[in-house]
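Labels for the chains are A, B, C and D, by order of writing; each one numbers its residues from 1.
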Amino acid sequence: MATIGHQIVFWIIAVVMTVAAVAVVTARNVVHAALYLVGALMSAAALYILLLAQFVAWVQVLVYVGAIVVLMLFGLMLTNAPIGRASLDNNQRFLAAVTAGVLFLVTSFIMVRAFEGQSIDLVREQGTLTESVGEVIFSAYVLPFEVVSVLLLAALVGAIVIAKRD
Amino acid sequence: MAVIEKVKLPGPASWLLNWSRKYSLWMMQFGLACCGIEMGAAIASKFDIIRFGVIPFPASPRQADLLVVAGTVTDKMAAPIKRVYDQMPEPKYVISMGSCANCGGPYWDSYAVTKGVDQIIPVDVYVPGCPPRPEALLQGVIRLQQKISGENPSEKWLGHTTPIPVIPEPGLAGGV
Amino acid sequence: MAVDEHRAPRTTESDDARRLVKARRPGFGIGLLKGMAVTLKHLFKHNTVIQYPDEKQDLSSRTRGVIALKEENCTVCMLCARECPDWCIYIDSHKETLAPKREGGRPRKRNILDRFAIDYALCMYCGICVEVCPYDALFWSREFEYAEYDIRELTHEKEKLSDWMASVLPPPALEEGAEYPGSPTRAPEVADGAAAPVKPVQAEASDAAAGTPERRGAQAAPLGTGGRPADAGAPKEAKPDVGPVPGRQAEAAPAPEGAEPAAAEAPPVQEEEQQAAPSQEQAPGPEPTAEDHAGPGGRTETASPEVLGIQMGAEPASPSPRESTETPSPEVLGIQMGGGPAPSPGAGEDAVGAPEEAETRTPQEGPDPEEVARLQETPGPNVEVPNEEPKPTALDPTEDPKEVYEAVLSDQLAKGSSPEVAEARAKVARVKAERGIARNPGVATKEDS
Amino acid sequence: MFDITLATWQILVIKIIVILTVVPVGALVGGYAEHKVMAHLQHRLGPMYPGGFHGWATTLADGIKFLYKEDIIPAAADRKVFSLAPAAIMVPIIMTYLVIPIDRALIVEDLDVGIFYLLAVGSLSTIGLLMAGWSSANKYALIGALRSAAQLIAYELPIVLAAVVVAMLAGSLSLIDIVETQNWPFAIWPPGIGFIAFLLFTVGAVAEMTRVPFDMPVAESEIITGPFTEYSGMRYIFAHMFAEMGHMVAFGGIGATLFLGGYQPIVPIPFLDFIPGVIWFSAKTMFMIFLFLWIRPTFPRVREDQLQKFAWKFLIPVGLALVLVTGAWVLYV
């Protein structure tokens, strides 16, 4: 149940996001690719906001853009990673494109079939979303949440152990 | 900027440009010898060169407007000075502070000293002294500000080719 | 900071030291707060800024701001130009022949100053020219505000240099109690006008210079041609490549390397002359403790050609006594000769050879009382001898002597002095009161000094 | 008070204009305050001649001058990234102004995730710094960019933890709600927790702004101006001066909102209610800014490893402990 304005904004964001996503994989420069990734992730956050999912949107910004991409850039710049365009060329682009296309089609199919016919009421009362997200996470999904936490903790400890060795 | 070079600016606009340049002289400090100490004194509390809008802040020549060459310019240091000057963005000014930077000073017959920084970069104000008092540097800054306020921005943007404007002698500030 | 605590090398410390450190360490973050308190305290203190163009710092009277030229004192002796380490003084002159001073005398020749310029872009403000000037033509001024847009403007010609004279301070007053040679109680004479230094015989300097015509001419000729830079007429045009200019000047000079050692020895010679002077019947100069160039102009005047002669090597250095008696100021040169330890024909060379000896002689040695007496009877033309008698400082009795006597006596007895001592002190106090001298030692020194 | 009805897009335009005016003006005033406060802390006077009265126009002159200075892009630089980096630094800082409540009704947008929004947006300018440093083709710029990225990541966490404490005590993420629940400064109940959170926030904010004593990313004695070494003219003033000053004003406002009671009177006395909230808010913001300016001339720059140790080994554990204590307090007291 979207107004015309919503539609226009959606399509603008969608086009930007698609272009950015394509640029991520076609960019010859890794740093450029990471920066295009920022664009794609920000567009995703914009889409969340369009769906009134503010909390999720800002989590997207905080975690993906503010932390993950920064860490990627940080790693690229701090290590001796090959950044130039020559080092990125290989002969498997066709294969990669086919794989990505197939994956995209499969995912889209599944998503469309799963949520076909459902509609979200975009004009419902505000101020409840963050609360409801919190309640759901810490009541119904508390076990997966804690499992994920433990997993991250294990990864963290493992990283420290590896780093400490030398 | 291309526009400023080509278009003749109306009076208020060029006044504004001159005014802003005059009171926002970010100062690149090139202290090379004892004059550098006096330059430091001019920056410090007692003389406080920031009162004139001369801000000794930028560490990078890219953000500097004013290069103060204070001290003996050796031939080895001449190249870095030239380089720093070339790295500064265009409306830029140079103050040569002290006899060494002006003319070589006590080292006028040294094989290793450049006889005046004006042999490598254009100098706007020469401050005499060996070393000059901090106030002498401040007076040099005042003279530079007087010079800036009489400038034609569109000519200035073409570089240092403009003739030095004739500005009436301000006399001894304060008199004796 | 907490970070530093982790880094402290604990293992090397003994237990005692560790305990001490622990005891001394304040609570966490206290140091940071103390630092903040310090800066905050300074926020409310008055600032120390001298707002330069609006308010001026009171500079020391000896500030080396700019060198001023007193043009009429310059005799184109070229000493300043030759002594200048930077070769930044340019002097031009020409000779004029003047009529003889009296009937039948020889016509005199004088050097007339055409150009005197100091290149302040090059000057290193060492002040050697001021010190070396025998005729007091150069002075330090405190003025420092002459930054220029064009480096050529920094070469101040003699007009501008003369303008700076307006800002030259009068010389400092003599120390209280300091005496002029030959006139113990004379008050320090403040020259008329700010520019003129204390120099009673200054006006006669040029006369005396004119008094030795041939020798001056002989000396001045090589100086005038050789010491001047070859292109001195047009140094303004030569300014942009200013580096080579002094070099050319050095080449143009006849023998700069040879001249320099001689120049280095010149000051002792002068000093020797100066020390010799006060003990002779020379005119009383302003003060024996002043800088060496502040000596009486007439005396230094006669000394300098000789100095120049030694420096230049242009002629045999020592003037013979016969020659000196020929000069129109015989007694002046005679003094000079007699002043040296050995009145040999080569007095000047002797002085050069024994500079240490000349220096060890203290300039404070008082004037010969006989000479002083003689001088006061027949003062020289340049000398003003004050006639008034020396006076005690205070003459009005301020207290009643008897009361003072009683008061001091009782006071001393009350303090526990023996009766003899108390009486003696009381008598002293009475005498002091009679003569109007302040009694209290602390007060007395203050008033007397 | 005024009965004006506006269309949505009109309100939006007005909001954008207001924000785009407030940010540079705040940056200029902040810059002037920095000159003056630092000068007086050092027995100086600071700018006196620009503009006449106590040099009020000195930052204005800076702004105008930098607008038309020659804009240099090094030949080896990555031109696109180099040009975009100032925007990537500046935009997040402008965005933080959106949710700071100046008064009960004076807020651009009262998001129900306000505090979370602030944290998310605040993490964005790191990318701009990395872009600036990497694209300059200058080793000092790159080192500075890496330093600032490491520092911003490290010191975001204490701020997050301090903000979490405040959100837990207030029971809401909305900044208006947080202000309304504070009758006293330092999120009063329990007072100790609020004060420690305030200290955590202040330290973190100073480090986030890369100001002294945590200014290693722009340490001029080591790496010139860090990521901004190659920037000149307008790009420089947006990337560095406006950004730093705008950041400072924004953090002042955030600190005043989270810890000092925002637009509320300093103590809950009805007598003080006649003073408008704007004035309270401004006074508290100015206090915070003065605190930042006061810290700058007081402390020397710490070393890079000290900086990291201080964040990871001290501030973050303290913050975590504080969150635990606060949780216990909220649950059981």
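In this section, contacts are C-beta pairs under 8 Å (C-beta built on N, C-alpha and C of every residue); 3 or more make two chains touch, one makes a residue touch a chain.
Note that the structure is a prediction, hence the values are computed from the model and not measured.
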Of all chains shown, the one whose Cα mean is least distant from the combined Cα mean is B
Chain whose Cα centroid lies at the greatest distance from that of chain B
A
So, what's the distance in Å between the C-alpha centres of chain B and chain A?
53
Dist(centroid_CA(chain B), centroid_CA(chain C)) in Å evaluates to 36
Averaging over Cα atoms per chain, report the distance between chain C and chain D in Å.
62
Which parts of chain D, given as residue numbers and ranges, touch two or more other chains?
39, 42-45, 48
Would you give the residues of chain C that are in contact with at least 2 other chains, written as numbers and ranges?
47-49, 51
Multi-chain contacts in chain B: which residues touch at least two other chains?
45, 48, 51
All chain pairs satisfying the touch rule are A-D, B-C, B-D, C-D
Can you name the residues of chain A that touch chain D in the complex?
29, 31-32, 35, 38, 54-55, 58-59, 61-62, 65-67, 69-71, 73-74, 77-78, 126-127, 129-130
Using the touch definition from the top, list the residues of chain D that touch chain A in their complex.
78, 81, 111-113, 116-117, 119-124, 126-127, 130-131, 133-134, 142, 145-146, 149-150, 153, 156, 173
Which residues of chain B touch chain D once you look at their complex with the stated criterion?
1, 4, 16-17, 19-24, 26, 44-45, 48, 50-53, 55, 58-60, 62-63, 65, 87, 89-91
Would you tell me which residues of chain D are touching chain B in their complex?
35, 39, 42-51, 55, 57-58, 60-66, 68-72, 220-221, 224-225, 228-233, 236
Under the stated contact criterion, what part of chain D meets chain C in this complex?
37, 39-45, 48, 294-295, 297-299, 302, 306, 309-310, 313-314
